[in-house]
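Several structures are given next for inspection.
Same chain, two partners: subunit A is paired with subunit B first, then with subunit C.
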Partner chain A sequence: MPDLGLDVLFKGKNFARLLGGLGIALRISVIAILVSVVLGTVLGVLRQRENLILKAFMRLYLEVIRIMPQLVLLFLVYFGTTRSFGWDLSGETASVIVFSLWGTAEMSDLVRGALSSIPGHQYESAAALGLKKTQVYLYVVLPQAVRRLIPLSINLITRMIKTTSLVLMIGVVEILKVAQQIIEANRMNSPNAAFGVYLTVFVLYFLVCWPISVLAGKLEKRWG
Partner chain B sequence: MGVRPVPGIVLEISHLHKAYGQNTVIEDLSLTVREGEVIVIVGPSGCGKSTLLRCINALESNQGGEVRLHGEPVLKGSKNLPEIRQKIGMVFQNYELFPHMTVLDNIMLAPVKAQGRKKSEVREEALALLKRVGLETKANSFPRQLSGGQKQRTAIVRALCMHPDILLFDEVTAALDPEMVREVLEVILDLANQGKTMLVVTHEMQFARAIADWVVFLDDGRICEEGTPEEFFDHPKTERAKKFLNTFTFERKARQPKTI
Partner chain C sequence: MKKLKYAIALLFTFILAFSLTAFADDSSAVYRTLDEIKESGTINIGVFSDKNPFGYVDENGDYQGYDVYFAQRIGEDLGVEINYVSTEAANRVEYLETGKVDIILANFTVTDERAEKVDFALPYMNVALGVVSPDSRVITDLSQLEADDEVIVISGTTAETYLIENNPEIKLQKYDTYANAKNALENGNAAAWANDNTEVIAYALQNPGYTVGIPSLGSQDTIAPAVSKGNESLLNWINDEIKSLASENFFHKDYEETLADTYGLDYEESLVVEGGEPSEDDETAENAETEDSSEAEGADASERVTLTVGASSDAARGTSRAGEACAR
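Take a look at the complex of A and B:
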């Protein structure tokens, strides 16, 4: 059997350290996802309104987030704010901010898309029955929008989790950084460690994202 | 509120004016619907029939005139509009059922949430009405599992379950396959026989003739002619009405004897 370099995982606390790194990646993701879902939904609903100032602001915000690679945003928030404003953000805080900004932008897009995909007739036939505006939203529009939204937002969530691997670039010791450290420390005695360790990272990411995708698939099927 | 309802009058449209931008669609239209009356509105495509119905329950705003239901003005943006709309049942050409709800939930939603009636009571009534239109086995189906005719009968029951003072039907068979038209028209005929007050827009002239107490012929957003079905269909007075009615009859020249 070829040497996959898996042995380093069982040295000392290496595996636990990897899990710890995964924990940090997940903590950043979960906070950012929660913020994004809440703020993104609010902004998405607000974008339905015909408010010029809000429209202009959202446009600018979305374009900036879309054009900028996430890595540039991370550098901008982490290093940029220290330089320009003298803020001393921790890498993790900077990461949460960037991922929340990104997630909120994308989420608001998804929410707006889901809402505008509900045909005007649905609003009208509900209103014609004598339902109040809030009831029209609560019972007719939102349940349909949510059904369309869930598969899309789960896709966004898994993308956010995966993209957190970038935060090692601003010194956050998340799973990929831990992996690098382990490989580095064992370069002499276990030269094949890179494969085994990265394989483990792959499996761990997979174990996190796969159930989410399965759930999305199930929901899509049930409501399709 | 100091509004004294005129006895017998359910709906009163007076001097209604509706325009989309520069394009006038309804012009100075007045019409009164009395208790138990079935008024059929016919007219060429684009003459404003749908717009008129949509103005009645203020799905469209108007640019002049007013609509009163039992003396109360129906106004877009007014606070009691949802309450007034509960008394105006509307059935659309494309059913417009709520796709995420079962047939039963579609019907029960507004009576329970808008009128605040008891679930058990509404369910009982909904099931009885479904049975009446031959859909008792479909209560727990979703709209996508129904045929067009079944969807439209569901939509009619959904409107009926609110106990409206008046029912508005906008070409409710226009989207149906021919073999399903009859099942829907029979439901409406049955409602007429029960004495329901209704305004029916239709392109089915035979049906119009059978169901109408009064026919209104709309052309270019105005009432061009009105009368009993016999008067209107057998002895139309205006050229426009004659021309319109002619579009429904077909004639063929006498066959030439075939030479072999």
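Take a look at the complex of A and C:
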């Protein structure tokens, strides 16, 4: 077996630091995901309404967030708010804000898409059966929409977890940054450490994202 | 109608994007003065966390290195706690412009362009650019690079600016972090890696199979602490500190503690700047060295490079450091 430099992980507190970095990445993404799922669903449902101003505003928000790379958003929120308003946000707060903004925008579009994919005759036949409007949503539309939503939102959620690696650019020391620190601190005595450390980072990301995929698969099967 | 809506949406987007930056100039002092820092009891110092041996984190999670050794001393002499902020090469100026750190001590090379945005204190180290390449094809002259060869640089470093200005024909491969640049060279993604010469010398010493083909590209530069533009109280304090530390040969001790393992003691005199000004002896020695090497390689690379830097650089050589910095 080639030397992967895995021994550097067991020096001092290195492995604990790596897990701590993963913890920070997860803290940012979990908060942002919760905010995104809730707000995104509400906004997605609101976007179904025939209100032009609301629609235009939502559209604008979505496009702005979609056009800008996450890195630009991070810089805008972290440095931009200090320049413009004098707010001194911490790197982590700025990251949570950016990831929530991004997640909410994308989630709202997914919800809107899922809702509008439910054919009109479903609403009509439910109404013909004498269901009230809330009942139509609750018992007919939502169950079908949620099922369509699951694979899409799992994509978004895992993408959000992985994209947290960008927050190292605004001084947040998350898992990837810790990995780079470990590799660099040992570049003399363990030049191969990059393989082992990045491999470990890969495994850790996998361990976090895989259960989410499994859960999603199970849910889909149960509701399918 | 639809087109109009899109046009309006687009307009709003731009307004939103620019309004965030437009306010920028209105803000008053972004920095904290010396007294405010002392009062708060904590100083924020931006350092590298993955640039061994200048600024890195050891296996216990503690910051170490040549820059950190000095930062530690600053904290002690100010009587405040230090909050280290992990910075990247590309965001160091931004950190000072927003006052999110008080001092940047992250291997920060003094350049004219940067001096417009931040205030540099007295230098504590010398640096030039160097180019490292694999033994299988050592690049000793930038002209050896073929049309489809690429050169690795780290975004926001002096090497990037230098190559864009003086050798725009060279294709650059840019990376945000040191670790990624290193991986790219080792994976053979590019023909060579241009960076500070200290970096490439150390890299070649530690990684057999790589050679520093160009040890000194362009003129010598210095590395100095930087503070937010206009923060005079802090700037003056740092300058006084650097001057007074000369009496105990602080930066030589710093070198021996942190850099000697990487560069050996041979480079001590040429790399360390004590008391804010390099001694005349060092200066002439360095120049002689550069000229020697360029002659040894034949009338070639280094000479061509010196010429492209411009006549002003030649004039500045040996006169004043400030002049030299201007030549960049």
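The rule is simple: the second predicted complex is superposed on the first by the 220 of 224 C-alpha atoms of A that agree within 3 Å, B and C clash if a C-alpha of one lies under 4 Å from a C-alpha of the other, contacts with A are read in each partner's own complex, and residues count from 1 in each chain.
Definition applied: a contact is a pair of C-beta atoms (placed from the backbone, for glycine too) under 8 Å apart; a residue touches a chain by one contact, two chains touch by 3 or more.
It should be emphasised that the depicted structure is a prediction, and the values quoted were computed from it without experimental measurement.
Student: Is this a clash or a fit when subunit B and subunit C both end up on subunit A?
Tutor: fit
Student: According to the contact criterion defined above, which of subunit B and subunit C contacts more residues of subunit A?
Tutor: C
Student: Quick check on the superposed pair: does A:67 touch subunit B, subunit C, both, or neither? Answer first, second, both or neither.
Tutor: Second partner only, subunit C.
Student: A:82 contacts which: subunit B (first), subunit C (second), both, neither?
Tutor: Once the two structures are laid over each other on A, A:82 reaches subunit C alone.
Student: Is A:185 touching anything from subunit B or subunit C once the two structures are fitted on A? First, second, both or neither.
Tutor: second
Student: Of the two partner chains, subunit B (first) and subunit C (second), which one does A:169 touch, if any: first, second, both, or neither?
Tutor: second
Student: Could you look at A:113 and tell me whether it touches subunit B, subunit C, both or neither (first, second, both, neither)?
Tutor: neither
Student: Once the two complexes are aligned on their shared chain, state how close subunit B comes to subunit C by Cα atoms, in whole Å.
Tutor: Comparing every C-alpha of subunit B with every C-alpha of subunit C, the smallest gap is 21 Å.
Student: Would you tell me the residues on subunit A in contact with subunit B in one complex that are also in contact with subunit C in the other?
Tutor: Common interface on subunit A, subunit B vs subunit C: nothing in common.
Student: For the complex, give me every residue of subunit A touching subunit B.
Tutor: The touching residues are 121-122, 124-132, 135, 139-140, 143-144, 147, 223.
Student: Which bits of subunit A are touching subunit C when the two form their complex?
Tutor: The contact residues of subunit A facing subunit C are 8, 11-14, 17, 56, 59-60, 63-64, 67-68, 75-76, 79-86, 88, 168-171, 173, 177, 180-185, 187-188, 191, 194.
Student: Tell me, which parts of subunit C touch subunit A in their complex?
Tutor: 5, 8-9, 12-13, 16-17, 19-21, 23-24, 27, 30, 49-52, 56-61, 64, 85-88, 90-91, 94-95, 97-100, 176-179, 182-183, 186, 206-207, 261-262
Student: Per the contact definition, I'd like the list of subunit B residues that touch subunit A in the complex.
Tutor: Within the complex, subunit B touches subunit A at residues 57, 59, 82-88, 90, 92, 94, 96-100, 109-110, 113-115, 158-159, 162.
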